[in-house]
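Presented sequentially are two complexes of chain A, the first with chain B as partner and the second with chain C.
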Partner chain A sequence: MSEFRMPSLGADMEAGTLVEWLKKPGDQVAPGDVVAVVETQKGAIEIEIFEGGIVERLIAKVGETLPVGSPLAIIAGSQPSSVAQAAHSAPEGQAERPAPPPVAAVTETAATAQRGIRASPAARKLAAEHHVDLEALTGSGPEGAIVYVDVENWLHAAARQPASPPGTSPPVRRERAAMRGAIGATMARAKREIPHYYLQHTFEFDRALDWLARTNAALGPDRRLVPGALLVKALALACRQFADFNGYWRDGHFEASRAVNVGTAISIPGGGLVAPAIMEADRLELPAVMERLRDLVNRVRVGRYRGSELTGATVTLSSLGERGVEGLWPIINPPQVAIVGAGTPVERPWIRDGRVVPAVTLMLTLAADHRVSDGHRGARFLAAIAAKLQEPERL
Partner chain B sequence: MSEPGQQPTNGTATYRDAVRAGIRDALIRDPRCFLMGEDVGRYGGCYAVSKGLLDEFGPERIRDTPLSESGFVGAGIGAALGGMRPIVEVMTVNFSLLCLDQILNNAATIRHMSGGQFSIPVVIRMASGAGRQLAAQHSHSLEVWYAHIPGIRVLAPATLEDAQGMLWTAIVDPDPVVIFENVMLYNMTGSLPVEVRPVDIGRAAIRRSGTDLSIVTYGGSLWKCLAAAEALAEAGIDAEVIDLRTLRPLDDETIMASVRRTRRALLVDEGWRSGSLAAEIMARIVEQCFWSLDAPLARVCSEEVPIPYPKHLEDAALPQVPAIVEAARRTMGAK
Partner chain C sequence: MTRDELRLILLDELGRLAPEVDLASLDEQSDLREALELDSISFLNFMTVLDMRLGVVVPEADYPMLYSLSGALDYLERHLPDRRN
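Presenting the complex of A and B:
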């Protein structure tokens, strides 16, 4: 028996509000299953469980705001399926034996929590040998004790995890209103707490688009680059030079991040948006950036992204893509300190070398945190991004 | 097995026949052997084990004794001391308390106290166990009291082969050997080897291999454990069943190897729970296998009452298949 607790979905997260339970008592859960939707400062996030078992009891109620680490549910140990089924098909006389009263089970849990983890000597030894934290496991042994096979299964699952396809979690069932509420809460906090300043810069985007067209001509449809990939990479490279736009505002001061993890705002079909990160985008080649971007977009569209993907961004890009609007003034996603907006490239009359010429232009905007930087720095940062987009072949 | 707890009925010989064949073989093989005990001669033995032996071997070698356990067991020890190979039958373990002094203070100690100059190659057979409605003075399982005593070897044959073969192995042992025959086994049938073969008495036997838990037992409880193991198999629990065979010295190696494999152990012992052989084995498992254990050790023993006379109460007092199954399921964490 173990407690499923409010996870930390980012270093700044202190509490989360339970928006929806996706599992109910009696449901079987496996590691990686999405069991609940929690509203945090970063949006309504599906939270995964990392142990298997059966949901015995839901502790947290929908609407409750609970600190990180609070127990949300009790997960009871699962049985090997053959045994569980056999127990089910036991003669009626046995099956009708009164189950131990739930009160006793609760008392037992409390007592167990006080005494420490109930785990067999064999399980403890195996866990110690492999540095497995027993806290993370669910027991299947007598009285929910963690037994040898539980540790063994955990080790197998851990060994399998990196290879498992991202689409194995069940499709999202999302409460739209809750999502909207979460976005609202985060944005309200950002507007309330962060002294935003805004800059705007419009520049020729022809070169980048021409280069993309030439590059894509040689690529299959599944590998073609989109302008968004250029923007991610250009922003990431600029962040290396301008460290005061990449990091977190925490505990009253700015912490620059060595890694540049570019959150990319992606709207969810039907409403809402998320900004999962492309980790260390500054170190990725363009095709790799494109691959990550495509993967994220696909998964967000089918609702198969994880809470863990939403925690890593150090700076965010919000791109309107082809929606036909020239510019946007984004709101910083706390605890980040900057967000770059990109409008739709627009063809317009442009003066080049003293002559009016047709040109495709892009408007980039920057919203940045005045506690960390000022407009002068911001302007140089924005100009640096634009400059990088003038030399797409170097991205 | 037709019903849970039933012993095999697939052969022509009984356990009783097997014990008799063992005695007969010893009497033929070694002229120093003789059988002595209450009603073993003209009556043919309380459980008809020695039926026919008086006619075959005569009153010199099949000797009826007075109702005096201390006297005739003492005489047997003396005869062994004098170079004979006596087989002494005590009607039931309850009565053996009258000769416990002879067994503990003489048979078990003389080699030690004589500095190895004397040995006592006596074999003492006795019936034990309940199930025949013989009430509280004829039904107990006090094997553990004997298994407590250094200087003697204690055997508990549970199969026809062991019932027959262990006797000769016991006779050639230079030290006292006590053999317990569970009263519920005498009518068990099976096939008997044509030739009497001495069997090894040093090792416990794995009567059923399994991977999920080790059920350790001996004597009459073996068949209940095997029946329980079949029932458990239907529930997806694969139990290993170990027949101790020798209760002193215990074959730790076989027990521990099994428990290290299965990580769980259930002891089944017809003796009373407190201070039982099951308790001793549990202690050894904890001493030797602690870091291999996956569940609290469990045991099914007799209720701590004088064994009742009424059938339903007698049954309720003894380890039975459903209780063994239930204990095994708890050990597995099965709901």
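Presenting the complex of A and C:
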């Protein structure tokens, strides 16, 4: 028997409002299952449970605003194994492996919560990723089982309808002022407490962009990559070599993280900013990084993320994209210890092999925590990211 | 398909990509990326629906021709598969 409590979804979150229960008494829950939706200054957040068992009783009522740590539900028993096994039977390469270090219990089970329905592991995973209720689908597989293509077709059909995606409630209207307050409080704390140092590095970005153009020329729009995906992957790989930029400052010391979860700062149309994480980005192939990035951007637009995505980042990338300015000096998002900024690529005269030539350059910046590293180390880290971007085919 | 029909389809799709924007006041000549706050991924989503819904695959090199609504209409009129009526 245990209590499921209001989680802290950020350093400055004091309370959250319960807007929806996704489980009811008697339901079995596995670690990683989304059980409720809570509204905070950052929008509607799907909150996950990190213990398995049976929902015995719901304590919190929809509409209630409760402080962090308040009991929301009582969970009885603990039998996550059968569900976990089902998930482990997913084909190699299909299994999802999010495992953010601060919340150790997230496993493959996150993708498979809808039991009692015949569906292939791949279909379940896709459905879970897009929050599709499998009960709404008709299967075309053996014995009416729902297969991957059924979910895909359903998603295509749903994309043509003006309503919000199936299985989700309409987006909760975000309180812009509250969000601005939350950003301000977090950034003020970062500037007050973290001894930032800053570095910048400008380098030729032509190679990466040329490679991207050649790669994309052979792909349909649904599979094309954007430069941001390269940046995420290059940063993630560099973090493996430079562990002192990937992790948390907690209780007066640095805790390095084994997993590299890259928070990606995404601006919310109309105002505001969130930086949900791409979990274990260093272990994803580029198309998978792109898929996650696209999924996050799409969900930021409707204001729907998971708690683990908001709290799981171990390092952050802030990229201005194609219509910004040349450079930015980002502020570290505590408790992280580093943030990398990528400006808008610009075309300029450049000296190559002793001659002035036109080149597209990218300015990368680093803000890092002096309690953990210093400028010499930071310079090598930044140079390593740039070097990886010079060999995009190896990302 | 007439230009007006095409416009309705595009506005329908753009409305889905940017639900918070009032498309009634959209200037056809303006840059959609500015007007609708489309980042590169959202713009890519726009290109993806043109493929899915109209069967027009826009190469990356042609993207700039579709940055405005009027530009996109011109482009699609030239590239729409004949089977449509």
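We take it that the second predicted complex is superposed on the first by the 227 of 395 C-alpha atoms of A that agree within 3 Å, B and C clash if a C-alpha of one lies under 4 Å from a C-alpha of the other, contacts with A are read in each partner's own complex, and residues count from 1 in each chain.
Following the convention adopted for this analysis, contacts are C-beta pairs under 8 Å (C-beta built on N, C-alpha and C of every residue); 3 or more make two chains touch, one makes a residue touch a chain.
Here the structure is a predicted model, which is why all the values come from computation and not from measurement.
Contacts of A:77 after superposition: chain B is touched, whereas chain C is not reached. Shared-chain residue A:354: touches no atom of chain B or chain C. Touch criterion met: A:321 reaches chain C, while chain B stays clear of it.
By the document's definition of touching, of the two partners only chain C reaches A:297; chain B does not.
In the superposition on chain A, contact of A:220 is made with chain C only, not with chain B.
Chain C makes touch with chain A in their complex at residues 12, 15-21, 33-34, 36-37, 39-42, 44-45, 47-53, 57-61. Of all residues in chain A, those touching chain B in their complex are 77, 79-80, 82-87, 90, 120-125, 140-145, 147-149.
Within the complex formed with chain A, the residues of chain B that make contact are 234-237, 263, 290-296, 329-335.
Against chain C, the residues of chain A that register as touching in their complex are 156, 159-160, 162, 213, 216-217, 220-222, 224, 226-228, 266-267, 269-270, 293-294, 297-298, 301-302, 321-323.
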